[in-house]
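Okay, structure first, notes after.
Chain IDs A, B, C, D, E and F follow the sequence of writing; residue 1 opens each chain.
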Amino acid sequence: MSTVRPHPDPEHDPRVKAVFDDIRATRNTAFVNAMWQHLAFDPDLLERTWAEVKRVMATPGTLDPLTRELVYLAVSIVNGCSYCVHSHTAAARAKGMTSAQHAEFLSIVALASKTNQLATALQVPVDPVFDLSAASEGCRP
Amino acid sequence: MSTVRPHPDPEHDPRVKAVFDDIRATRNTAFVNAMWQHLAFDPDLLERTWAEVKRVMATPGTLDPLTRELVYLAVSIVNGCSYCVHSHTAAARAKGMTSAQHAEFLSIVALASKTNQLATALQVPVDPVFDLSAASEGCRP
Amino acid sequence: MSTVRPHPDPEHDPRVKAVFDDIRATRNTAFVNAMWQHLAFDPDLLERTWAEVKRVMATPGTLDPLTRELVYLAVSIVNGCSYCVHSHTAAARAKGMTSAQHAEFLSIVALASKTNQLATALQVPVDPVFDLSAASEGCRP
Amino acid sequence: MSTVRPHPDPEHDPRVKAVFDDIRATRNTAFVNAMWQHLAFDPDLLERTWAEVKRVMATPGTLDPLTRELVYLAVSIVNGCSYCVHSHTAAARAKGMTSAQHAEFLSIVALASKTNQLATALQVPVDPVFDLSAASEGCRP
Amino acid sequence: MSTVRPHPDPEHDPRVKAVFDDIRATRNTAFVNAMWQHLAFDPDLLERTWAEVKRVMATPGTLDPLTRELVYLAVSIVNGCSYCVHSHTAAARAKGMTSAQHAEFLSIVALASKTNQLATALQVPVDPVFDLSAASEGCRP
Amino acid sequence: MSTVRPHPDPEHDPRVKAVFDDIRATRNTAFVNAMWQHLAFDPDLLERTWAEVKRVMATPGTLDPLTRELVYLAVSIVNGCSYCVHSHTAAARAKGMTSAQHAEFLSIVALASKTNQLATALQVPVDPVFDLSAASEGCRP
């Protein structure tokens, strides 16, 4: 079930076809997953979303590809996005995540959510040593 | 402001002192941050929380220390835990996170939250290729 | 799958029938969607929920009907409520939302979630100019 | 308190100065709020974030400016972003939101969150009539 | 800091005064906490919110008062509402919550958030035995 | 659909069998629900998760079993964990939750989420009387 009806032949639109071709070339696969099929209802939204995903996730940077996927997956889990949890778990495996790494990753996500709730429940005040913007606070002498 | 009153001398309790000593030894610092000072209102909760943090975050495993911190920090941001965002950004820096890595990390967290909302808003159905538990579904021939 | 079993004939209960009749009359349709069928397990909860929905969403006010639906839908997306995303996307269309408006709306929801995470990750202090309750703070001279 | 230290003179960097100048010109004010001061630690992140905010929020489109702000604000509330709630409540007022509209808006946000939780708690199945992608499901004859 | 400016004498409005009087009478205290002072910017919103809080929380029902507060507090923690965490922790104490109960409550909230993330990360399919609405599914023979 | 493939015979691993045996003995049933079947992909994660669930939920403490389940369920609803909402609603019923208690519980969860959003939207400052850690703040004379 989705809230937009995907077009039976989205690539009839040349803008959509260009994005799908770039997805296939970038990932070296013929498969274009459902997220892009659905975003294609609006070519502008499709183009902008893919351009950002390609830039952030497929351009070499200062973090290795698996670390990037794990950060993406962690965010997706906490946001409760079922589709994204599926697609980014698959992507993490494609980038080499082993079963042991998956379990270790899950232990961290679970622990972080646990301690997040404890810190919020206790309303722990931030240690002054963590403060990097002392000048912004306004209640110091 | 916190919801429990930290004890002026929490280490008068030998169970609390033992945990604080282990925190100082594990981290090689005299500093015990406010999270632990506040959890000390219940020695059992303190002991169990620290034991899990130490095991998951301070034991060598299959993910490197900075990757672990970035996963922890990503979860903390999405859960909106102000204290945890402060303490784990500091921890990531202590484990070598550069300013460029911080910015790249933030780009991933921001992008993931963006596409999470798009996938949820469109209710994109999960591609069958992502399904690893075909046998559990019950509606296949 | 649901966590309460809907009654096969919920309108055998006159309180349920009265609410369903009012839903049909207010919306000018014979269709009573599943949310109400399931809330009918408790007539009191059904009556109170419908009364509030009717008052807030179906009474003329200072915001036009489509704006109200878009606000409702934005909240439902971020809360990750699959049922509500479906029903309120349909409601927004029924109130005139075009495909272009849908895409523009999604761009705003996605951008807001992105900048929300950036502001939380950076723990940006609130500009004093935004403060409307200076007298409440207690640390001013 | 923030997790990055804002530069005392961020506009010494010409890329930052160019963005700040565009913010001042677009908004017709000398004020550059703290969000941008903090994002300036990474000029690339600053440029990209501002470009998207300007395009989505300051370009005429199919939704009026106040509706856009209310959608942005609704997302910010549910994501629990304190900074964003402040800045976008101020922005909504600047775009004409009256006190009566503010109260009506809050009633919708509050009601939506309430019914979101009810639908999630009851796990209400989506009515087939809301399904726009029947062909994607795979369980139909 | 708040996003509405509380009136210096909110009780000059007889509708506000009536609500504040009822809060004081119901709780047997002269103290009217800041939540109500701020909601008073719109007497209608104030009246409706207080009426619901009074009905749900202050009317004898099938759950005891402390259990109700703990449910309210659990929701407030997960929603990350700092104000609500403070006020409902205080309310739980006023209704008899001991320090040991507080710690046990926190252990449950922390554990639930942990296993919530694990179940979401693994996308565990719901056991058919938990299904109470078999007739709604449509894929059964 | 799940993101890990459950083993067709998870109990071939003696560590998994030991946990499953303990689940069956603790709950006095032959049924081991899908959560544990899926966690079994990593025996260490399975053992630690079950040990914590057993300790927190199945050991007599200061809160009665139904109250514990309602707190667990409230957290699961707000975290939007579909699997957990199903399993813990069933668990609450098994521990005696009546239909009237279920409705009252839902009213509290719904009201709390509503007022959480109002307090966040208004950014209500915390009343000083709720502050239990005055010494930590640093802005007082």
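Note that a residue touches a chain if its C-beta (ideal position, glycine included) is under 8 Å from a C-beta of that chain, and two chains touch if they have at least 3 such contacts.
Remember, it's a predicted structure, so these values are computed and weren't measured experimentally.
Any chain touching chain A that also touches chain C appears here: B, D, E, F. Think of it this way: of B-D, A-C or A-D, only one pair shares over half of the C-E contact pairs by residue number, and it is A-D.
Of all chains, the one whose Cα centroid sits at the greatest distance from that of chain D is F. If you compare C-F with A-B, the chain pair joined by more contacting C-beta pairs is A-B.
Farthest chain from chain B, judged by C-alpha centroids: C. Mean C-alpha positions place chain D and chain E at a centre distance of 26 Å. Between the CA-based centres of chain B and chain C the separation comes to 31 Å, rounded to the whole angstrom. Counting partner chains per residue, chain D shows two or more touched chains at residues 1-4, 34, 45, 49, 75, 77-82, 85-86, 89-90, 100, 106-107, 109-111, 113-118, 120-123, 125-126, 130-131, 133, 136-137, 139.
The touching residues of chain A, counted against chain D in their complex, run 1-6, 34, 38, 126, 130-133, 136-137. Of all residues in chain D, those touching chain B in their complex are 1, 3-4, 41-42, 44-45, 48-49, 75, 79-81, 133, 136-139.
The residues of chain C lying in touch with chain D in their complex are 1-4, 31, 33-35, 38-39, 45, 49, 52-53, 56-57, 61-63, 66-68, 70-72, 74-84, 86-87, 89-90, 98, 100-101, 104-105, 107-109, 111-127, 129-131.
The touching residues of chain F, when paired with chain D in their complex, are 73, 77-78, 80, 82, 85-86, 89, 106, 109-111, 113-118, 120-123. Residues of chain F touching chain C in their complex: 80, 85-86, 89-90, 99-100, 102-103, 106-107, 110, 117, 125, 128, 137, 139-140.
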